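Below are two complexes that have subunit A in common, paired first with subunit B and then with subunit C.
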Partner chain A sequence: MLQLNPVQTFRDDFTYRNSPSAIQRFPFPFPQDEYRYSVNIEPHNGGPAGSVYEHWFDIDEHYLSEIRERAIVLKQDPARCQVRPHMRLAAWDTLEMLMEHFSQDYPEHFTLIRQGNDWMWINRPLEIEQRFRFGDDDSLPLAPFEYITRQAQGDWAMLDQRDGDLFMDGGIITGPADWSLDFDLGMSFKEWHGPVPLAHELGVFDRALKYLCNIQVDRPARRLNWTISINPLMDQSPENYHAWGASRATITPDNVARKVHLRVELQGLHRLPRSHALLFPIRTYLISLQDLVSQPGWGKRLRRVLMTLPPELVDYKGLTRYIGTIIDWLEPWDRDD
Partner chain B sequence: MTQTRHRVRVSAVARLGPSIREIHLEPLEGDHLPAFSPGSHVVMELPLGEHVLRNAYSLTSSPFERSRYAIAVRRQPDSRGGSRWIHDELVPGRQLRIEAPNNYFPIRAPADGAPLLLIAGGIGITPFMSLLRARRPDSGPMSLHYAFRDRVDTAYLAELKRLLGSDLHTYESTAGERLDPASLLAAQHLGTQVAVCGPAAMIEAVRAKAAALGWPEQRVLYERFSAPAGGTPFRVRLQRSGRSIAVSSEETLLEALERAQVPVRSLCRAGVCGECRTDLLGGEAEHQDLFLSDQEKTAQCAVMPCVSRACAGGELLLDL
Partner chain C sequence: MSRIFYSKPSYSPVSPQPHSRHHLIIADASGAARAAKLQAACAGPNTVLLIAPADARLPEAELREPRELADRLSALIAQLPAGTSCYLFGRESFIWPAAIRLQDLGTARSQIHVERCGPMVRDVLCIHCKTRMHDVTDTLVCCDGCDLLLWNYDHFSRRHGAYMGFQVNAEQADDTPVAEALSS
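Showing the complex of A and B:
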């Protein structure tokens, strides 16, 4: 049974910590020593028991902390959750998909009871018991998308599919790695990927778009994405730049192990059955360098990837000021014994 | 990798015309079937004697109806047995297996409020039925142009009249009525979304006219109502295993590979999804798919075994 930690913080005093089992199941994203650009999309049809890939939507010990962090961000800035009016059906699709999978995969924490369109949802960790009518917005205390994603870890976007393209037409983005839903809302696939260096020229986005438009119901896909964060700061958004931008200048050989975190996103792509939109969960995992090097081979691998990262990507990921400090600190793990 | 399968029971067989049957399927387990979007199809397993035929059929029921699915099947004179079996053998109570719905023909009204123009040829009406049966007053402007041979043996005419009223336009060829894609498209509003399903010639005529009129490609959606099932027999050699397999005129390359127990991932079985893409190491393929780019087809570097075959008299060498 999944044990949930008491609430920890992703801000101010940063009490967020990974347990030994959370470190072991961390989705370490580098399959080889050299950095290589690739589409790296694969079917998301389960994985080893206990791994982050076991279920469609991973819930872990940080559940309560992330739910509270999301509520804090939304209170300060309600524009982090926006759904365009034509995504109403997709929102109900999302609610159904999350309730079905949470209750099937974590029955000790969640229960869904359905009689026709009369549903009851039980979320024990958050002490919620909600009766509602499926499809009736007025029967829930919040709009359906916000209602369910406030009870789910990770950020969520809904991508409308039309004219052979995908459009960012809804989402709840409270823990992004330097992007803004408010800015991207309504953009097409290539528009919101506009700032990504190198990949456009390689044709990566043409191939990816074709693949994504053909994803079918019950056949989700996933990919990993990564960057580096200073402190376990979930809300690394442009809106919040004042709170984290300057922290990039604070890394020293003495604090690098504690403050620098590898930030990995497990991104899913799920076809929503009625609306034919795509649901795009972005589940973020954070691990400090000192915890990371406790796993055999990870320190060496990370160092070699950083050493071969093209300069354009060093800039894009915001690592310019401190990548050298990380590479120097990891040096002892990259020796041949 | 295979698709989730669902066990269903035939709950009713309705006669829509002398050679068209509508089959109703209800779930054997649970009280509802998976939700789907307009334009979706299911692959149904048909137990024909010794082997199982896997045929794709558009869902014709409303997506809001979860307690049953409906499909409509026309008896094909050149059938490989599938439509004949459905017409002659399939009776209420029979149990079957279907795969979860897929959608490679997502029909919807344009988000900008432009009209939706539907063009159906014969049994190509089927993928439109799920959209039209779920139509609501606020669904936006749409019209259906429906061409068929003769009124008596045509599916859903009365129902479509009720659903669409004056937005239904019919063309009965035995009465000398012809659907002319050129004049139809030329009369449309700028930005109209067209969706066409019917014989290959009809689809090609619509695509060519839309292109000539300068319509954006994205506003032309099409689906062939049946994947090319057979053709001239040929042989295929497999580079890695060294095997040689005969593909008969009655089966697709994918089916021949499956029969020989060569694992090939597949999904849509209609040349759309790209799942069964296989590297072509030798020989010339007659490409029938909608997935590979023109450059890839010309280079003969890959083939989609679900729909494509060897050029006449040829042999293919696959990286399998």
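Showing the complex of A and C:
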């Protein structure tokens, strides 16, 4: 049975910590000793028991902390959750998909009881027991998309599909790696990836878009994405960059192991059955360098990837000020033995 | 910054679409001259909507205030025949939100033609406090709302009709590039 930690923080005193089992199941994203740009999308058919791939939507020990963090961000900035009007059906699709999978995969924590359109949802960790009518917005205390994603870890976007393109037409984005839903809302696939260097020229987005537009119901896909965070800062948003940006200039050989975190996103892509939109969960995992090097081979692998990262990506990922300090600190793990 | 941003629009001169049953021409003050030229070149029936004071080059134009545009477009699209071509002339902050409005009303992207007119200026939206600065001419701009010095980033939102501005020296206060005039 999944044990949930008491609430920890992703801000101020940063009490977020990974248990030994969270470290072991961390989705380490580098398949080789060298950085390579690739589309890296694969079917999301499940994975080994206990791994982050086991279920469609992974819930882990940080559940309560992430739910609280989301509530703090939304209170400060309600524009972090927006759904364009034509996505109403997709919002109900999302609610159904999350309630079904949470209750099937984590029955000790969640229960869904359905009698026709009269549903009852039980979320034990959050002490919620909610009766509502499926499809009736007024029967829930919040709009359906916000209602269910406030009870889910990770960010969630809804991508409308039309004219062979995908549009960022809804989402709840409280833990982004440097992108803004309020700014990008309504953008096409290539527009919202506008700031990403190199990949456009390599044709990565053309291939990815084609793949994504062909995703079928019940045949989800996944990919991993990564960057670096200073502190376990979940809300690494452009909106608050003026507040967190200075942390990038604080890394020293003495604090690098504690403060620098590898930030990995497990991105899922799920076809929503009624609306034909794509649901795009972005589930973020954070691990400090000192925890990362406890796993065999990870320190060496990360160092080699960072040493071969193209300068455009060093700049885009915001690593310029401290990548050298990380590479130097990881050197003892990169010795032949 | 020399690399291409795929959210940043590029433009080529708009010409009348043959075989259109109707031409809907929409312009702000800076787009009036181009709108007049296009109207003169249109063979078929057309409607001109000018979101600006009266202009002698467009004597038959319907004049509207900016705040009336969204409602007026929804009434027009309901009346005009399917297969109407839409042309938008003016500043980026004007043409793109109007183009998004037309799409939301069911107009296909292929029926919407936009052309940027007027001086090389941008609207910049401060990502920190959401204040909007109009007619920005440089790569740096001081935010009217929160007073931070913003980088005028080449990431464009058509819905907002604005470029993203974020604090240029957030990581290190004394690390500030020199402002340059916008070239595109």
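Assume the second predicted complex is superposed on the first by the 337 of 337 C-alpha atoms of A that agree within 3 Å, B and C clash if a C-alpha of one lies under 4 Å from a C-alpha of the other, contacts with A are read in each partner's own complex, and residues count from 1 in each chain.
Assume a contact is a pair of C-beta atoms (placed from the backbone, for glycine too) under 8 Å apart; a residue touches a chain by one contact, two chains touch by 3 or more.
These numbers come from a predicted model, not from an experiment.
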Touched partner set for A:Tyr241, first subunit B, second subunit C, both or neither: second
Which superposed partner A:Gly164 touches (first subunit B, second subunit C, both, neither): first
Touched partner set for A:Lys317, first subunit B, second subunit C, both or neither: neither
First, second, both or neither for A:Asp218, with subunit B first and subunit C second: first
Partner chain in contact with A:Trp192 - subunit B first, subunit C second, else both or neither: second
First, second, both or neither for A:Arg88, with subunit B first and subunit C second: neither
Subunit A residues touched - subunit C or subunit B, whichever exceeds: C
Contacts of A:Ser180 with subunit B and subunit C, given as first, second, both or neither: second
Doubly contacted subunit A residues - partners subunit C and subunit B: 86, 163
Contact footprint of subunit C on subunit A as seen in their complex: 79, 86, 163, 180, 182-187, 190-195, 197, 200, 205, 238-242, 245-246, 248-249, 312, 321
Of subunit A, residues touching subunit B in the complex: 43, 45, 86, 93, 96, 160-165, 210-211, 214, 216-219, 273-276
Of subunit B, residues touching subunit A in the complex: 1, 3-4, 34-37, 63, 100-104, 106, 108, 110-111, 216-219, 267, 272-274
Subunit A contact footprint on subunit C (complex, rising order): 3-8, 100, 104, 108-109, 125, 127-128, 130, 146, 148, 153-160, 164, 166-167, 170-172
